[in-house]
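Here chain A shows up in two complexes: once beside chain B, once beside chain C.
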Partner chain A sequence: MLEILTAVILITAIIMAGFRRINLLTKGFRIQSLAIGLLCFALGYLSGESHYYVIGVLTLITKTVLIPHFMNRSIKELSANREMDPIINGWWSSVIAGIFIAVIYVVMEGFNSDFIIAGVVLLVTGALMLVARKKAITQMTGFLVMENGLVLLELSMIKMGLLIDILIILEVLLISAIMAIMIFYINKVFHSVNTDYLSNLKD
Partner chain B sequence: MEILIIFSILIITSIISFISKNLKFVSISTTCGILVCFLASVRFIVLIRQSDSIAYFGNLVYLDSLNVIQIFIITSVALIAAVYSYRYILNEVMDGEISIKRARIYYFLFNAFVFSMLITAVSNNVMGMWIGLEATTIATSFLIGFHRDKLSLEAAWKYIIICSTGLIVGLVGIIMLIYSAEYGATYVDFSWTSLLQAFSSSNGLYNRIGFTLIFVGLGTKVGFAPMHTWLSDGHSEAPSPISAMMSGVLLNLAMYVILRFYIIVKSFPGLGNLKYLFIVFGLVSLIVSSFSMLKQTNYKRLLAFSSIENMGIIAIGIGFGGFWGIFGALLHSVVHAFGKSLLFLGAGNLLSALKTKRIEKVNSLVRLMPKNAVFLIIGMLIIVGSPPFATFFSEFSILNAGIQQGHYISAGIYLLCLILVFAGFLNIFIRMIFKNPEGKEYVKLEKDNENIWPLVLSLAFVVLITITFSNYFVTILEKAVSIIGI
Partner chain C sequence: MSIIYIIQSLLLIAGAPLFVGSLRRLKAVLRGYKGAPVLQPYYELMKLFSKGRVLSGNSSFITSIAPAIVLAASILLAFTVPVAYIGSDYGLGNIFVIIFLMAILKFMTVLIGLDSASAFGGMGGSRELFISMFAEPIGFLTAAFLYFEAGSFNIIEITYINSRGIAEPAAHIMAAVAFLLWIAAENTRIPVDNPETHLELTMIHEAMLLDLSGRDLAYFELSTYLKLTVSMALFVNAFIPFGIAASASGSFLLTAFVLFVVKMLIMLSMLAVTETIMAKFRLFRAPELLATSFCFALTAIAIVYLH
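After this line comes the complex of A and B, so read on.
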């Protein structure tokens, strides 16, 4: 069961790296967060500790319900709904994500837990989406994928107290809300969310 | 008990700014709240003189000399900025640039900013430190984009993306460090005091990778050179009191968190080479900022690059090590906070009087705004490191430490960059203040007289540190240096 969910997470990472349409990005992010939430539940069932259930419920609520709701509200106003000319092409981004998965599996062979590798893959794929895209909304999605990778990493490595987990998830929620509000204002002032217009303050 | 007072007063003032409609009441209550916090920090300094460290609330809050210096800097610069914001926000509302509702949001975010910085400073829990830094990102991103025009939104977007990414990388590093410290233990203790002892039997590779990730990730928030791109835009677009607080205090606070982790990791046997991280990043920051300063056309951006340079100096001081290096770095961080707030608040006065940010449009300040010109000259001398002020002694002791420890080439590059900054900065400011291009007659502006008291207050703090130096201040600094260890 755990391997199936990890495979779903990695596949969504590869596919999301290659998307050009923005509403598909939200759907892909929802599937990925659903897989992570189910993973938390499965881990809690297998090991019998209750704190995995709490993390799972919190992840499901924030990342499948609240954050996509924020993103959809700010996407509604956008006129252009696909990424026109990204820095790295859509198909090549998927290929590069796949190559990264292979490289990371080879480099981190000493670790015997699968989730650490999946966490690092999500971190790197999120960074790829952040760097190789020009629209602000895709950069925000890349940041959220990095946060997903962080949740996976922290699940498998150490056991944090309940309050700290709640605070970290609350911070992610607040930052996504702020980014969504900022995208709304960028759209209102610049009439597009292409970050090419955001380069007036160069040296 | 004092900790509860500080936090509850800050929560009360932020709620007041939310519900009250009267702007003057909101700003005066903010100022009084921060004054109470400042008095509490002075009381902490008095308490620390007698005992080495205090812990409150079990292991949640831990105060030692490193901490108390940071709390003092936070509350005093916040007090200066709050006193300045009263007049500044009132002027903006009366000019019609912002509405009263946005001014209330400003005070709410200001209180939230000070609250989150204090959480980082007093916390013993290493996760609490990280959560505090992330909370400052949340509080300041709307303060940078306060005016909501094109340039502010660009600066705010860059800030939030770059700093959040950096903090995620930092969290990965913290997780790795804690994993290697508590390897195989069932209960994970996050407090800094117990992590300090838990490092006898842990894996060297995890420690190295973890600390490097922490350094690069939290170094984004400090403003080290390859990761500094948000700083010049963010500090030049934010309102002036917020720029002063971010430049003087927030960069220092992120450096303090890196220093806490450095103290944990340093005592482990194979990791003596970690100081080269500090030296290399510090030198790159120094070189990038000193060369960028020479071709700036916007005076607030110039001051932002000067912040990057000073943080580079502090990192080099910690990297060189020895008693004098660390002593110089800590002294420099304190005096830089007050000097930079003096300069930024003076620049804010310039901006509200002359309404332009470009250097070549500002001429002959000595006739237009003489009082501000005097304070700007004194502030510039403090930042550049000129002799009667403490920054000269801190920079000199860092140089001394570098030559003592044998890093001749690094000390040479450091000295060259300092000379470059001295000449370039002085040149630009002297042009702004004394140049009279066409021999025009300048009449003193009416706006010169207002908002001078916060500048006087910053200068008073610098003088206060100099006067009480051999009594209070040097014992606290020496205790802090002994915590860091040689």
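After this line comes the complex of A and C, so read on.
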């Protein structure tokens, strides 16, 4: 069961690196967060410790319900619902993501836990989405994928305190709420969320 | 070469139009109309054999010999794939033989498309080779993944080792998804090509066969059905090979055969659902899809090779 969920998480990360439509990105992020929540439940069932269940419930509530709700409310006003010309174009996104993932597996050869490597894969794929796109909403999705990678990383570490888990998840919630509000206002002023126009503010 | 191998490959050749007929019936049921009977491809082939051939004046000897070569290559392909019984004599079945036989099929089809001296044949040939330029690395990467996982290039040994247990299920699932996209690209299924289109500007595979008639068209249709059946049998036996019979006793063989038919029917229904839900991608969006599948295969190899 753990292996199937790891495969689903990796597949959604690679697919999201190549998508251009925004509603597909939101759906992919939801499926990924659902897989991470189910992974927390499976780990809690296997090891018998109760703090995994709490992380799982919190992850499901914030990342499957609340954050997509914020994102949907702020992208409802958008006129263009796909990324027109990203910085890295077309199929090169997927190929570069694949090369990065292979390099990660080479570099982290000594670790035998599966989730550390999957967490770093999500971090790098999220960073790729963050850097290689021009629209603010896809950059926000890249940031959220990086946060998913962080949650996977901390799942496989030694048992951290419950307080730190709750702090991380609340931080993600607040930052994504702030980003959604800012995207809404950027759209109102410029009538697009292309971040090239933000350089008009320089003078 | 045991007699059971020959019998099961002959059954595969005889049953390929039946699989395609049941795929069309499943698609019709999903779309809400009654559909042709399941044995309809057999009737179409018999009708085509009784018709005469019409050859263009500008075609060369390729039009005379290519249909026979294509049919011979696809029949040979059916003999290299395990169906329900794997014994201890691993004669045929090298993965590279399978890949290169499919390449011979594609090459002769493109040649006959060019040979008919019509514009649509050349267009279909160039599109088919454009897509296969992106799809061939995926095929080779999946073959490399199977080698790293099982330690052999022979598909019969790979089936036997995989039916014992899978070491890395996460990598296995990712390579299976990559291989499914490869099947869609090689056999001209949605989302890469629409197999039942009648508009020539949207055709990729059928445009090369537009100028054939009679016996030649029957050979090509049969080889297309066989290529689809063999690709799906390859997927079923390399990635979900539980229940395969390793000894020639009666009950094991029967269970393995019934399980094989059930697995193929499940794959056919997945294919029918995909073809009903989605539309064909634009031609220049197909490389993005195949690049994603390439990335899956690369990740699967990275997981398996370094653990």
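The criterion applied here is as follows: the second predicted complex is superposed on the first by the 199 of 203 C-alpha atoms of A that agree within 3 Å, B and C clash if a C-alpha of one lies under 4 Å from a C-alpha of the other, contacts with A are read in each partner's own complex, and residues count from 1 in each chain.
Operating definition for what follows: a contact is a pair of C-beta atoms (placed from the backbone, for glycine too) under 8 Å apart; a residue touches a chain by one contact, two chains touch by 3 or more.
Note that the coordinates shown come from a computational prediction; the quantities given were computed from them, not determined experimentally.
Asks: Who does A:I4 touch here: chain B (first), chain C (second), both, or neither?
Replies: Touch status of A:I4: second partner only.
Asks: Give one of first, second, both or neither to describe whether A:L150 is in contact with chain B, with chain C, with both, or with none.
Replies: First partner only, chain B.
Asks: In the superposed model, does chain B or chain C contact more residues of chain A?
Replies: After superposing on chain A, more of chain A is contacted by B.
Asks: Taking the superposition on A as described, I'd like to know which of chain B and chain C A:H69 touches: first, second, both or neither.
Replies: In the superposed model, A:H69 contacts neither chain B nor chain C.
Asks: Identify the partner contact of A:V189: answer first if only chain B is touched, second if only chain C is, both if each is, neither if none is.
Replies: first
Asks: Kindly classify A:I101 by the partners it touches after superposition: chain B alone (first), chain C alone (second), both, or neither?
Replies: In the superposition, A:I101 touches chain C alone.
Asks: Given the touch rule stated above, what does A:I14 touch, chain B (first), chain C (second), both, or neither?
Replies: After superposition on chain A, A:I14 lies in contact with chain C alone.
Asks: Please output the residues of chain A touching chain C within their complex, sorted ascending.
Replies: Counting only chain A, the residues touching chain C are 3-4, 6-7, 10-11, 14-15, 17-18, 90-95, 97-99, 101-102, 104-106, 109, 112, 114.
Asks: So in the complex, which bits of chain A are touching chain B?
Replies: Per the touch definition, chain A meets chain B at residues 123, 127, 130, 136, 139, 143, 146-147, 150, 153-154, 157-161, 164, 167-168, 171, 174-175, 178-179, 182, 185-186, 189-190, 195, 198-201, 203.
Asks: State the interface residues of chain B toward chain A in the complex, per the touch definition above.
Replies: 125, 127, 131, 134-135, 137-138, 141-142, 145, 148-151, 153-158, 160-161, 164-165, 168, 171-172, 175-176, 178-179, 182, 188, 190, 232-233, 236-237, 292, 295
Asks: If we count contacts the way the header does, which residues on chain C are in touch with chain A in the complex?
Replies: Listed in rising order, the residues of chain C that touch chain A are 168-171, 173-174, 177, 287-288, 290-292, 294-296, 298-299, 301-303, 305-307.
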